[in-house]
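Chains: A, B, C and D, in written order; residue numbering restarts at 1 for each.
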Amino acid sequence: MKRNISPVYYGDYLQLDKILSAQSLQSTRYGEPAHDEMLFVIVHQVYELWFKQVLHELNSVIDAFAQDSIPDQALISVVHRLNRIIQIQQLMNDQISVMETMTPQQFLAFRDYLVPASGFQSIQFKRLEISLGLKREFRIDFDKQSFYSRLKDADRELLEGLEAKPSLFDLVDEWLARMPLLKFNDFDFWKYYQQATDTMLSDDRQTIVTNTTLSDTEREQELRDWQSTRDNFDALFMQENYNKLREQGKFRLSHKAMLAALFIKQYSEEPIFNLPFQVITALTEIDEKLTIWRYRHAMMVQRMLGTKIGTGGSSGHHYLKKTTESNRIFLDFFNMATFLLPKSMLPPLPDAISRYLGFYLSQGKS
Amino acid sequence: MKRNISPVYYGDYLQLDKILSAQSLQSTRYGEPAHDEMLFVIVHQVYELWFKQVLHELNSVIDAFAQDSIPDQALISVVHRLNRIIQIQQLMNDQISVMETMTPQQFLAFRDYLVPASGFQSIQFKRLEISLGLKREFRIDFDKQSFYSRLKDADRELLEGLEAKPSLFDLVDEWLARMPLLKFNDFDFWKYYQQATDTMLSDDRQTIVTNTTLSDTEREQELRDWQSTRDNFDALFMQENYNKLREQGKFRLSHKAMLAALFIKQYSEEPIFNLPFQVITALTEIDEKLTIWRYRHAMMVQRMLGTKIGTGGSSGHHYLKKTTESNRIFLDFFNMATFLLPKSMLPPLPDAISRYLGFYLSQGKS
Amino acid sequence: MKRNISPVYYGDYLQLDKILSAQSLQSTRYGEPAHDEMLFVIVHQVYELWFKQVLHELNSVIDAFAQDSIPDQALISVVHRLNRIIQIQQLMNDQISVMETMTPQQFLAFRDYLVPASGFQSIQFKRLEISLGLKREFRIDFDKQSFYSRLKDADRELLEGLEAKPSLFDLVDEWLARMPLLKFNDFDFWKYYQQATDTMLSDDRQTIVTNTTLSDTEREQELRDWQSTRDNFDALFMQENYNKLREQGKFRLSHKAMLAALFIKQYSEEPIFNLPFQVITALTEIDEKLTIWRYRHAMMVQRMLGTKIGTGGSSGHHYLKKTTESNRIFLDFFNMATFLLPKSMLPPLPDAISRYLGFYLSQGKS
Amino acid sequence: MKRNISPVYYGDYLQLDKILSAQSLQSTRYGEPAHDEMLFVIVHQVYELWFKQVLHELNSVIDAFAQDSIPDQALISVVHRLNRIIQIQQLMNDQISVMETMTPQQFLAFRDYLVPASGFQSIQFKRLEISLGLKREFRIDFDKQSFYSRLKDADRELLEGLEAKPSLFDLVDEWLARMPLLKFNDFDFWKYYQQATDTMLSDDRQTIVTNTTLSDTEREQELRDWQSTRDNFDALFMQENYNKLREQGKFRLSHKAMLAALFIKQYSEEPIFNLPFQVITALTEIDEKLTIWRYRHAMMVQRMLGTKIGTGGSSGHHYLKKTTESNRIFLDFFNMATFLLPKSMLPPLPDAISRYLGFYLSQGKS
């Protein structure tokens, strides 16, 4: 027990005077109280509290990755905090079911009082997106053009400042790219890998060609898809090609980071890669849960408004559905499965490499 | 669109200046910032926001039941709001997993700064319990004696005022007791019922006696249990016996309300009973979800503190586990299953009764 | 207790000899046992058990709607069973998290042994889709062309037979269309409605025009969206226009059914509409949960395979994402929110209508 | 792609002929088909499939711990599989909500046909309990006496054989006890620890004594609780005392294992302890989720049957609630929080120890 601690009262500690007095309903203000507006307010306030918590964790993770060297102890803490974010996201996704207890008509009873407010104005959500790595150049057009115009000056400046800082994506890309996984003395992994993928792709092609259940049209489409996979593999081994595809938006990770991540996923059961693999897995999960949230949110808006325009003056759910496709951050960690080989096709990792990597990973940037 | 509505800005509408400035950490104040105290604060604040929402719904339901007559339209709204409470409870139960991302040691880094604050001081949670029907006389001893002494005067007075008002339990009991389900002209349901239960209980007894897998000791215990069920059934048909058992705490509903609820559950598929049945089912679910919350909360505290005393100066999880047993409100709706007969043993409901009840239920109190 | 019932043993009753001997792993058969193939098999078997249960409920609901008259008692049972389906769907959606504990590489260890099997060959899932209303003409092209070619003859014939029978969608459409809600003696609801919507749409247009945060390009897009909503409303009041849009795929419900559903949603708090409203809400929820399942399934496949072709010889996740858009069944119940008016703009329902509808709804088809 | 793989058909691979033909309803057999018996059968079959999967994972984990040496690579796999078990448990817990869509009366329509079958006869569940560590001597009396008498001979023998083998608890206890954490050359951790706890306990006592919100009775109780904690701490440092308390059932881990686990939890952020800490956390979570399942199961039974006897001839929910208290396996990992010190009170771990432990942990048994 600490000495000289003033006694604490639950309600004071949590500042419940502020928290519980922050619900003033527009419908009441205009003399037509709508019972269900309270739910609308509180659901959004809860989201904002969770956003604050997620930002609290996220910023500490960004700080860790911004260091020159990231010792294992720091990675353990990073994984712990990313996993906490995932737990909160699970709750935020389920929370949509609470909002959906509001019928469209209950919403109509007060929506006109909210014009032109819009969820797009949630600064914390934008901070979250930008900090994760969803900067202006990756946003879909709608967002790019108009989003900033809806904000108060102070809010806009805050976000513009954030756009200039390295995001979690940027820092993770650098961290991965720094790992010296490309060449080892007597172990030319990537050459071996290239041979193995050649075999795998030939087999895949054979499967398509001999699949008698496909119509001709389908077979042609499958072969086009196969060719695209083939091109992706070629890109993997030729930095120039890779960068071309990257400019077209097919990849977002740098070439080096992509190879490092792939190496880690291939050898994820190696103790030396256990923590990095947990980081990659957690980021994949965060991206997935965020995307599912966008999707469920879009459906909820459609259910509530149909094709009516939203209070912010835009037809919401079409835009929202588009963001599920375009506003992905760690999509490469999903698509990377394209490049994975079965363990039986992989060479065992030489001991020397484990030792080398062990040294590197615990020493950080050279 | 309404005319003359001042434009609304998202952050102002939600009063985010208050909501997001209400997290000041004790550990920071005392110069030893603990990263995880933020989670502790925000998790509790989210709970308080949900409590406010649940109270908002609950109070409107109490208002509905406080009317002399409760038309079907009002019952539809009651069911809708009770089901919303259930959705929120589901979220509150799952939220414990978020708290459990805090390890005991992370908690220890700041718990000493919180003395003697305690979750027992959540006024909204107590309001919730009291409004549902958990008044002083039903609390377990610990609660009864000391609970009020931990509160600020204003808080204590507010709760004491609430104790004097009818709770949801009280009002639902009255509503059920008012239903004229005991005697009908040519349909002596309860006589029929008594005969049917006699048959059922004799069969049950036979099952125990002929169950060759039971040891003698077990058989004796089973027969004692059977006798207790037999006594309960006898009580059902004799108000005096019932009231005796009720004084012992075996029942909480009044005799009339118990019979009405039983009748409704027996004939739940009758349109006339559909809404009352939905009310009973929702109250059962609310009680169940609250109990599960208490149980999960108790386990979380045990995992966090072991048998350490809590910040409020009491060993938390034993007390919390006790409340899962004793602080039940609508327990009769669970135990009532004891008295249910299979549909095949029930007489069909005469048309005259449907009409009679239909008239009664739509007219309310006579 | 029934007499003359042979004693039952848990394992025999559940036929666990069959259930627990139905896991033979391909990887074991080919001499390279993969630990994680067991999860793959069991997750799919659990899905098939749930599909069987959902079909059991769904078929009973279809039977109820296939009757000439659907008394309230039957509707109560329908709502109960639809809600049970929703609970099972919730579980099936969450079950994807269990599958996602398998890493891509764990999957690669046995996926080659599964060629050309595919989830598309789940007959029960197809039965589910067809029974709900996803018949051939509504499927996306891929499905339309090739789906049947992958099946064994007996399976194909079973499904083709099902295509010829009325689906739940068909029957619900008829049930809604039968409701005599279009004209009442002294209450021309739809004329009133048309005037109210004119007002609402003018206001919406005004909001767009005066929204200074929109760029010119955005404003033009908003106005095009508005015009589309305006056209939809016009269609609502002119059967011919409606049918034209329906042929284009903008609506799927018949004109009469659309109006009836709209009426029910507008007056959902009326006791007479309570059960029909619960039916509509449950069908909306079933469609939503099915769509979320498709979406999560698509993401899981992407995470597992990237752009690799699936074991069935098709690149899975693109196709799967398309189905989330196109394979909707009760989409009209979502988009219908477009047409809803705030309660304050609606005329009260005359008593005569309640009585009339009450009579109709309890008598069924004339 | 493998060569010479026979083409696979979805339904054959999953043996759906067995899986989907394993539902024969007793109520149908006896001529009174009950719609809801299908749910009862399928819910139980799904549980049995999950039990098979959990046993599959659990047995592989037991095999890993049964080795003389457990390299990090094996621990990584252990953690992965324990976490998969947790995901499945989450689903199994939520599945109770599906069962609860059955009303008591729907159950009564067929329960008499099930006598004397009982969930106690689930061999897989018993295998699970025994394999985790719930052997006969830890069961509550009811279980101890009668459980085996309800089984077929073959089932009983199988379980009795399992009782003779080391459980996961046994093996984890040995693994922990093997860790040489008690004495180091220049770092007498436990002496330091003893001093720190003396300080902490004195502070706790002070808090109780000066807490003015406690009544005299309460203060006495708190002091008794404090004394019990004091005794526990004393036991921690004196093996003899510890063993005495262990015989009384206050602890289940051996003294050495308890100290090792405590050390690991104290220094969980040390890379060297990261994997062991993840093992302990996962086992804690498995125990918690199993206990919550027991609790929810007990409530469901109460809601379904009240105090009626179950089909197996015993009054179910009282027994089931008792098991939530007594059938705990890794309870020590919860109560251990009692002994944890804040990080600020701990000495830093000398480098020499990390190296020493690193060597030990990667070499296994000496």
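Criterion: contacts are C-beta pairs under 8 Å (C-beta built on N, C-alpha and C of every residue); 3 or more make two chains touch, one makes a residue touch a chain.
By chain, UniProt protein names: A, B, C, D = Tryptophan 2,3-dioxygenase.
Please read all numbers here as calculations on a predicted model, not as lab measurements.
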| item | value |
| --- | --- |
| Label of the chain whose CA centroid is most distant from the centroid of chain A | B |
| Copy pair chain B, chain C: interface residue numbering same or different (half cut) | same |
| Distance from chain C to chain A - Cα centre to Cα centre, in angstrom | 29 |
| Length of the line joining the C-alpha centres of chain B and chain C, rounded to whole Å | 34 |
| Gap in Å, rounded to a whole number, between the CA centres of chain B and chain A | 39 |
| Residues within chain D bordering two or more other chains | 1, 112, 115-116, 203-204, 207 |
| Residue ranges of chain D touching chain C (in the complex, touch as defined) | 1-2, 5, 7-11, 13-16, 18-24, 26, 30, 35, 38-39, 41-42, 44-46, 48-50, 52-53, 56, 60, 80, 83-84, 87-88, 90-91, 94-95, 97-98, 101, 112-124, 152, 155, 311 |
| Residue ranges of chain B touching chain D (in the complex, touch as defined) | 32, 103-105, 108-109, 112, 115-116, 142, 145-146, 149-150, 203-204, 207-208, 211, 213-215, 217-218, 222, 225-226, 228-229, 232, 265-266, 268, 284, 288, 291-292, 295-296, 299, 302-309, 313-315, 334-344 |
| Chain B - residues contacting chain C, complex | 1, 72-73, 76-77, 200, 203-204, 206-207, 269-271, 274-275 |
